[in-house]
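Residue numbering begins at 1 within each chain, and the chains themselves are lettered A, B and C in the order written.
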Amino acid sequence: MTKPVALSANSLIKTFGGLTATDNLSLSVETGEIHAVIGPNGAGKTTLVNMLSGEMRPDAGNILFNGRDITRMAGPARVRAGLARSYQITSIFRDFTTLENVMLSVQATQGHSFRFWKPVSRDTSLIDPARALLERVGLGDRMEVRAGDLAYGEQRQLEIAISLATEPTFLLLDEPMAGMGPEESQGMITFLRALKGDYTMLLVEHDMDAVFALADRITVLVYGKVIATGARDDIRNDPAVREAYLGEEEIV
Amino acid sequence: MDYVLLTEQVLNGFQLGIILFLMAAGLTLVFGIMDLVNLAHGSMFMIGAFVGGTFALLTGSFVLGVILMVPAMLVIGVVVEMTTLRTLYPRDHLDQVLATFGLILFFNEAVRLIWGPEGLVVPLPDYLDGIVSLGFGITYPVYRIVIIVIGLLVAFGLYLLVGKTRIGMLIRAGASNRTMAGALGVNIPKLFSIVFGIGAVLAGLAGLIITPITQAAIGMGEDVLILAFVVIVIGGIGSIRGAFIASIVTGLIDTLGRSFLDVLLLLFLPANAAESAGPAVSSMLIYILMAAILFFRPQGLFPPKGAQ
Amino acid sequence: MNALKNPANMFTAVVMVIFALTPFVAPAIGETFYVTVFARIMIWGIAAVSLNLIMGYGGLISFGHAVYLGIGGYTVGILAFHGVTNAWIQWPLAIGLSGLIALIFGAISLRTKGVYFIMITLALAQMIFFLSVSAERYGSDDGLNILARSDFGVSFFSLEDKMTMYYTIFAFLVASVLVSWRLVNSRFGNIMRAAKSNDARVQSIGVATYRYRLTAFVIAGIMCGIAGLLQANFERFVSPDMMNWPRSGELIFMVVLGGMSTLFGPVTGAFVFLMLSEILAGWTHHWHIIFGPFLVLVVLFARGGIAGLLAPKSRRE
């Protein structure tokens, strides 16, 4: 009995000049699971995420989202189809308040924005959902703070909240733990675990504790190639994977 | 088909292209390496014309004027760079545009104060003021050929400088990755001063060698500047090779367009429409070209590899 | 009114009051030329407000914005030349043409960013400038005189009357600030400001920012075209110099001087810039030699403009 596939990448190839960043990469993410992608630096993980989110086009291969071929689809259109992404390097609107950041994202889901008269600051159809989402994410008491002034961990949370506000079905999370200390990471792990069931997730991460705490299945990438993919515990115990990557982690 | 006229206009186009190249080369270097939008580059063109022209008139020798202009422009360029432009490197492009716009106003007015509003007439020495026969019944002014030759020599010199010398290597490194170059111990401030100085000399040379034909006038640099920017955008910012090709192409299209566009339009339009549309469209031709190129290839024709 | 507590807004409010009262006060103190000066400043103010829409709030630095002054102005001028003085024909045409050309130029320019954008807007504007210089029939370099102002065909409203002309300009200035205010705070303005702050992120939440920028560009072009048709009417004269690139540079300068991306900045900027030019020109013929370095100093040390000096924000732009 095969589970439905939310997102699949098939034989993706991407080269930059002489460098092959993605080498015949195929993976599939089942609906409802958390699928982690791990691998050493330079393995092409961010290139993969960029191709899935639409910021880069693969040179060959295709990408299917809920059965639909989205390979040629522009980034904004993918978001409207339900595929959202968060960034490894925090990408928020620093001069807007936390609430305004999420309000903008909510606005983006409510059809076009060619509305020129009514002020946004009094628009409850934007304020209320944004408030609710921020409460859920744990930033309820930081809503009026300028986003650029938030603590680093809070900015990472806001980063994800912005993506969540677009009401996606699928989340591409590019190193959500990046730059976090142990306490903040634990908070993020708990938060992501709580999202499971509502969203299918593809998680690119270096933090192995987070990966083994969250992932259902894992794909291992080395030099742009998939060297292993399977259930969490199978991957954890796979000797080839240990040698290529997890062994490396132990040295570090 | 009037081959004599055609040849003459092709050569004129080439000559215009050379002048544009001298401007564009300095501009693209400064922009590509220092990431500085310098609207006052046109002022260097004008200052070279006035300063060099004054030397020529004082010494009685045009050639001496050109020779003395070089160190003068080098000094002026370096002084401007060290006093004002240096503060602009960390600023965003808008600030640079505005500040250098202010410099233009200042330089134009300074020139007016020193030389008066009438401009400067720099006559050609007799031995350059002739006409030469190129065969097939085609004659062409000697001086314009001299301009083309000077330009080609400068282009070759730049090619040697950037491609084969140590300084050239530093310039290319700076264009490619300024932070890395700095981290590797290259004296960036000194490099920038040198690059700017070279740009100022090239612009001054362009301004000076055009004065026997067009006279030195206040504000003469601005129109050439805009064309030069169009050239480097077409050619790819930071690329001297791109600047050369784009300059020649631009010069040819502009000149040939002005000469022959009304003839071409006569094929499609009635006579009086072609006659009035001709000059109007030909002055727009270059910008239409630029718009078209940017539409399909926003980074220009020859963007240097590795540059942002 | 809370907003007036901000000294920068207070300054602008005073300026607006001065504008409103001048046609009454100036003749009384025997200095009627102020009416002319302020009418000019107000026209520039409208143009500056339109530029601020795309530059201050959108981050799009257009070095060819003055071209829309020329388009609006020349439409009126050329139609008047051919005997068409009906405002109901002239004005919609001027507005429509400004919008159309803004659409075309915007579609080309917005495919680029940063310096490329600046240079392309400049070059496209130059194209129209040279077109008008080469149009010998319509005066070329020397410009075109306009004998009769736009005629609305009603006896109670005629632009030939000085007061009517002045207050029409004033009304459009107020309207442009009002439109600017609503626009910036609307959903549309929200997208523009977010795109200026972080364009990639706006796209990654599903918004194709290009079409919003293009719309803003067209709105700004239309608003500036209106300033142009007002200028043609007021001066009874149009020339290529109303859209040369130094004009565009001056417009940018006014916006920065007043305080970029503030609502009233452009009006303040136009006022201070033009008053300063008038005063300096009175002192010396060579006032540019002072003005040039002044611009440089403002850029280097007073980047937030007058608004920044009077009411420094606790957060940086």
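The rule we apply is simple: contacts are C-beta pairs under 8 Å (C-beta built on N, C-alpha and C of every residue); 3 or more make two chains touch, one makes a residue touch a chain.
Bear in mind that the values here come from a model prediction, so they are computed numbers and not experimental data.
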| item | value |
| --- | --- |
| Of all other chains, the one whose Cα centre sits farthest from subunit A | B |
| Closest chain to global C-alpha mean, per-chain Cα centroids | C |
| Approximate Å spacing (C-alpha centroids) for the pair subunit A, subunit B | 49 |
| Chain centre separation in whole Å, for subunit C relative to subunit B (CA means) | 32 |
| For subunit A paired with subunit C, centre-to-centre distance based on mean C-alpha positions, whole Å | 44 |
| Touch list for subunit A against partner subunit C, complex | 53, 55, 74-77, 79-80, 84-85, 87, 91-96, 103-105, 107-109, 113-121, 123, 146, 148, 162-163, 165-166 |
| Subunit B - residues contacting subunit C, complex | 31, 37, 84, 87, 91, 93-95, 97-99, 101-110, 112-113, 222, 226, 229-230, 233, 237, 276, 279-280, 283-284, 287-288, 290-291, 294-295, 298 |
| In the complex with subunit B, residue positions of subunit C that touch it | 61, 63, 108, 111-112, 114-116, 118-120, 122-124, 126-127, 130-131, 133-137, 245-246, 249, 252-253, 256, 286-289, 291-296, 298-300, 303 |
| Subunit C residues touching subunit A - in the complex, by the definition given at the top | 182-183, 185-191, 193-194, 197-198, 200-208, 212, 215, 315, 317 |
